[in-house]
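In the two complexes that follow, chain A is the common piece, with chain B as its partner first and chain C second.
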Partner chain A sequence: MDADNRIRQEGGTTAREATIDAIIGRRVTGSVLPALLLAACNRHQSALAPFGAEAASTRTLTIVLLVAAVVIAASMTLLMRHAIRTPGERLTHDQGMKLVLWAGGVFPTILLFALLAASLPLMRPAPVSPADLRIKVEGEQFWWRVVTAPGPGQLVSANEVRLPVGRTVAIDLAGGDVIHSFWIPGLAGKMDMIPGRINTLVVRADKPGRYRGVCTEFCGLSHALMAFDVVAMEPAAFDGWMAGQRGASATASAAAPGAALFARYGCGGCHAIRGTDAASAIGPDLSRYGNRATLAAGILPMTTANTAAFIRHPEATKPGVRMPAFDHMPEADAVAIATYLQGLK
Partner chain B sequence: MTKAMTITITWKRALATLTALFAAGMLYAWSGAFNVAASSGHWPITNWFLHWVMENSVRTRAALTSPADPKADTGLVSAAGHFAAACASCHGAPGRRPSPVMQAATPHAPDLQKNAPLWTDKQLNWILQHGVKFSGMPAWAVQDRPDEVARMVAFVRALPAMTPAQYRALTEQAAGAGSTGTAALRPGLVASCASCHGADGRGRGQPDIPVLGGQHPAYLLASLRAYATGERHSAVMGNAAAALTDAEMRTLAAHYAAMPGIGDTPPAGTAAARALVERGEPRLQLPACASCHAPGKGYPVLAGQKASYIAQRLRGWRGEKEVVDARKPHDTMPVIARRIPEEMIEPLARYLAGTR
Partner chain C sequence: MRRLVERIRRLSVSLWTLIVPPTVWAGHFLFSYLWAALNCAKAGRFATFPTLYVAGTVLALLLIAAAGAIATVQANTPGDPPPHEQSTDLDRLRFLAVATQLLAVLSAIGVVFTATPVAFLTDCR
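For the complex of A and B:
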């Protein structure tokens, strides 16, 4: 769990850590490069560490294009070097024109068409059948509304996308308020979430684990603080999880003092918890809150102290957040509510 | 015959002269020869110059920055009460001389019964809002209560024609029968609250003064404390609450909360307002009012409160349109009030107020 948290933290501040790593790198080894390269060794939020078919083919294409670009640049350099060193009048006019035609016209055309042919299939969406699992994700300022298997028996959650390994999953993306963009770098390319329409991203995860996704379209003050957890599970484990999650949250915590405070402070005006009176869909659904690994949309580790602090002053963590501050709530009440929420598993 | 003396002005000499003048001025200031005694007054020319500068400043600033509606004739009681508590000692009031102590200041505050007609509403609003430097006239104690300032403009406007009897009627009210707790309070305290809030805690029919009876005592106490510390913004209540001890606040909160008043009035009004109260408007991320303002919850009781007061609070929380989003307050009610459509404020306030 600790290792998980650390990895998650790295993901949250990759750029800053790269800078810090860079400074440490200069001091310790006298070289910035190894540190920067190490910063790229991020297994849970990286297009270079795919856990799905889409991202894997994108990585293959990236490597092919990179190698081709290096080879072409090297050949051109050698050719120019040769041309500069060769004495003049070595080729006749006709020979020169032929060289231009073949090396400057025909060869690049063939090469570019070959690369196009190699990349075009990647743009075709993977086939999806009505029987495949659908997950609806709506971007909100600054969190994610996640509905797994929309329809009767659907599972509403927030800031966490769970999907089964080895099965095709269609993710329907919508913008709840403004334009967002949905990107799980290790799973697939990014896709915009536009209010008023649905873009469908078809994915297939092939390696179980915990990963991370982010918003990649500027959406407001806390755009950079809008991430989510991605959990790829073995199919059997996923089915078990779905069945277990649909019902009411564990009843043990219903008697917690925090449950009464949650109702008394009117939290149900915006939030829903399955099995209680709280049923509003304005803010994130908090059912099974305790199962999530992070809070505030992938920003803070899930601890009671973090939850309590967020309840009283969400704007301190996320500037421009839509949830108002509850400054009038005594700290002890906030801790009791946080304890109750964390008990919802 | 002596030759006429000529002095050539050079840059060096000009600079030396300015330096010498500055040094002489500083020496004079340092020596203490200048008399700052208020007892000595100003020379007439100084007096004229200072007034001239002040009048010019007020005229220009008021024209540029005063609100379009500088005066609110919605009720004079709260402004009169504040005037009696905070202004009359310097300015005097109908039938009351100003304090001789304050009249010994330089300059001393003008008699507004004679002086108020010299200013326009906008100029009065500017002076009340911002005060006047070097004159002893303070700014309004909080800068974001234009409604309080506008009511005071109306009161000052009414002063010249006001008789002592009318002034007494505005600022005094019998305290009524005190509950057992209030008997221990210092004499006149409950009467001073009652001068605006009324002996029955219903606010003397004033649209801007809320009904206190029936409210949660904890909420009344928290409000008094927040007014006293300045956390809740009001010059009127801030001045009143600052003089109270915590024990007095607790007694007063319990005293008013125990009176009959709000809480027993069924809401009534338009279907749209009812929908907002009971279900909110998820499309605007607006939670239902009733998710917090309901029996059994700790939040203030709204049923039966004055519609004018509810609307005034909602408008106050929304704040100025010109403030950029990132600087708007993030407290619970300001965030929620900003999401209520403007055209729904009045119907909503009337619905919550109910049939009263």
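For the complex of A and C:
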């Protein structure tokens, strides 16, 4: 407030202007700055916090380009300042032409070529062999169909990509309905998912942990609510997980009241649960629902209350969602189904 | 060689030499895209030894160099002291010639910058 008062007295600035200045000033230091700093702390969805080789080299390239841009901008500014301050006729015509040739032609060409050459190796896709693990991911409005190791013994799931650390993994990407784009910022660059086409992204994770990926091509109302969990696991743990997940879901829950309700409400018309009659692939596979950390494609924390609320009113969470509302469903039924689903591990 | 230089010097003022370098650059640009697209669509992979592509790039650079050389000869007509700012035929020729020279340098850089990624790419993905 001291500063405000001084401005008001000295400069004859109106009180209102000073207040606005103060508010803007406070806003900049009060929210933008911490937000910027917080962004640097994001370790699960950030191209600046890589857990894969490709993202790491992209980060290095970004830093190189950024530093180069700053150096060039600063030296141009200094050069211009020098040119403006220097009295005329300091250079002969010949010297001036030489300066233009070297500083304006030769130097930028060499510099640009160096930057081009530095970035080109990143365009080379990593090598992949038929023995490498493949994961097929299909983008749907507004969720992800994930098939790990397609073929006999494949593992169908949704909204969660698990991959072993230290092994090359080929991710085959397709669009189920419209164009989506698959991006795990910490792992690799983004790649489009186009209906009728398969684009292959080759990745290699090098740090176990839980991360997050997102859709980066506008695909409808809930585009911004289309994310997924990424779990990078130690190879042995990954193999164990694969073996354990392939079979039918925990049968103990077949007797749960929610199982009958799930069938009665016709949820099986869109969802599949391995080991039951529900086998449709229209919506996300719910066989191992209870193992996921989030629901509705990385949007809500996995709790019974959230699941029950989503079942009755998915559109409240995701506008334009492709699952109908079950608003006539009593809450008790929704909770029973949610409990059953969360028991599927 | 002397005779050639003499001939070039006697050429009348022409926009054609000026247009050659950027046109060749554009043509080479298209050629590069077609090269990648056709190889990937027809053969399913990048050509392992791209003789044709190297030949096309060298040809483009030669054409640009030729335009640049003609322009250099025209820009240095002897016995014509500066300044070159009158609306005479000779000064107009000098102006066009210098513009052509600069365009030739730019186009040659453009061709090299376009060819480098093609040389680096190894895969249709």
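The criterion applied here is as follows: the second predicted complex is superposed on the first by the 309 of 345 C-alpha atoms of A that agree within 3 Å, B and C clash if a C-alpha of one lies under 4 Å from a C-alpha of the other, contacts with A are read in each partner's own complex, and residues count from 1 in each chain.
Keep this in mind: a residue touches a chain if its C-beta (ideal position, glycine included) is under 8 Å from a C-beta of that chain, and two chains touch if they have at least 3 such contacts.
Just so you know, these numbers come straight off a predicted model, no measurement behind them.
Colleague: Should chain B and chain C be called a clash or a fit once both complexes are overlaid on chain A?
Modeller: Pair status: fit.
Colleague: Touching A:123, do we find chain B (first), chain C (second), both, or neither?
Modeller: second
Colleague: Pick one for A:221: touches chain B only (first), chain C only (second), both, or neither.
Modeller: first
Colleague: For A:320, select first, second, both or neither according to whether it touches chain B, chain C, the two together, or no partner.
Modeller: After superposing on A, A:320 lies in contact with chain B but is clear of chain C.
Colleague: In the superposed model, does chain B or chain C contact more residues of chain A?
Modeller: After superposing on chain A, more of chain A is contacted by B.
Colleague: Have a look at where A:207 lands relative to chain B and chain C in the superposition and call it first, second, both or neither.
Modeller: neither
Colleague: Using the touch definition from the top, say if A:59 reaches chain B (first), chain C (second), both or neither.
Modeller: Touch partners of A:59: none, neither chain B nor chain C.
Colleague: According to the stated criteria, A:270 is in contact with first (chain B), second (chain C), both, or neither; which is it?
Modeller: first
Colleague: Between chain B (first) and chain C (second), which, if any, makes contact with A:43: first, second, both or neither?
Modeller: neither
Colleague: Between chain B (first) and chain C (second), which, if any, makes contact with A:199: first, second, both or neither?
Modeller: second
Colleague: Quick one: minimum Cα-Cα distance, chain B versus chain C, in the superposed arrangement, integer Å.
Modeller: 28
Colleague: Contact residues on chain A for chain B in the complex?
Modeller: So the residues of chain A touching chain B come out as 221, 263-266, 268-270, 280-282, 313, 315, 319-328.
Colleague: For a test of understanding, state which residues of chain A touch chain C in their complex under the given definition.
Modeller: Going through chain A, the ones touching chain C are 105, 109, 112-113, 116-117, 120-121, 123-125, 199-200, 202.
Colleague: Residues of chain B touching chain A in their complex?
Modeller: Touch residues, chain B against chain A: 222, 280, 282, 285-288, 291-292, 296-299, 325-326, 330-336.
Colleague: Tell me, which parts of chain C touch chain A in their complex?
Modeller: That would be residues 105, 109, 112-113, 116-117, 120-123, 125 of chain C.
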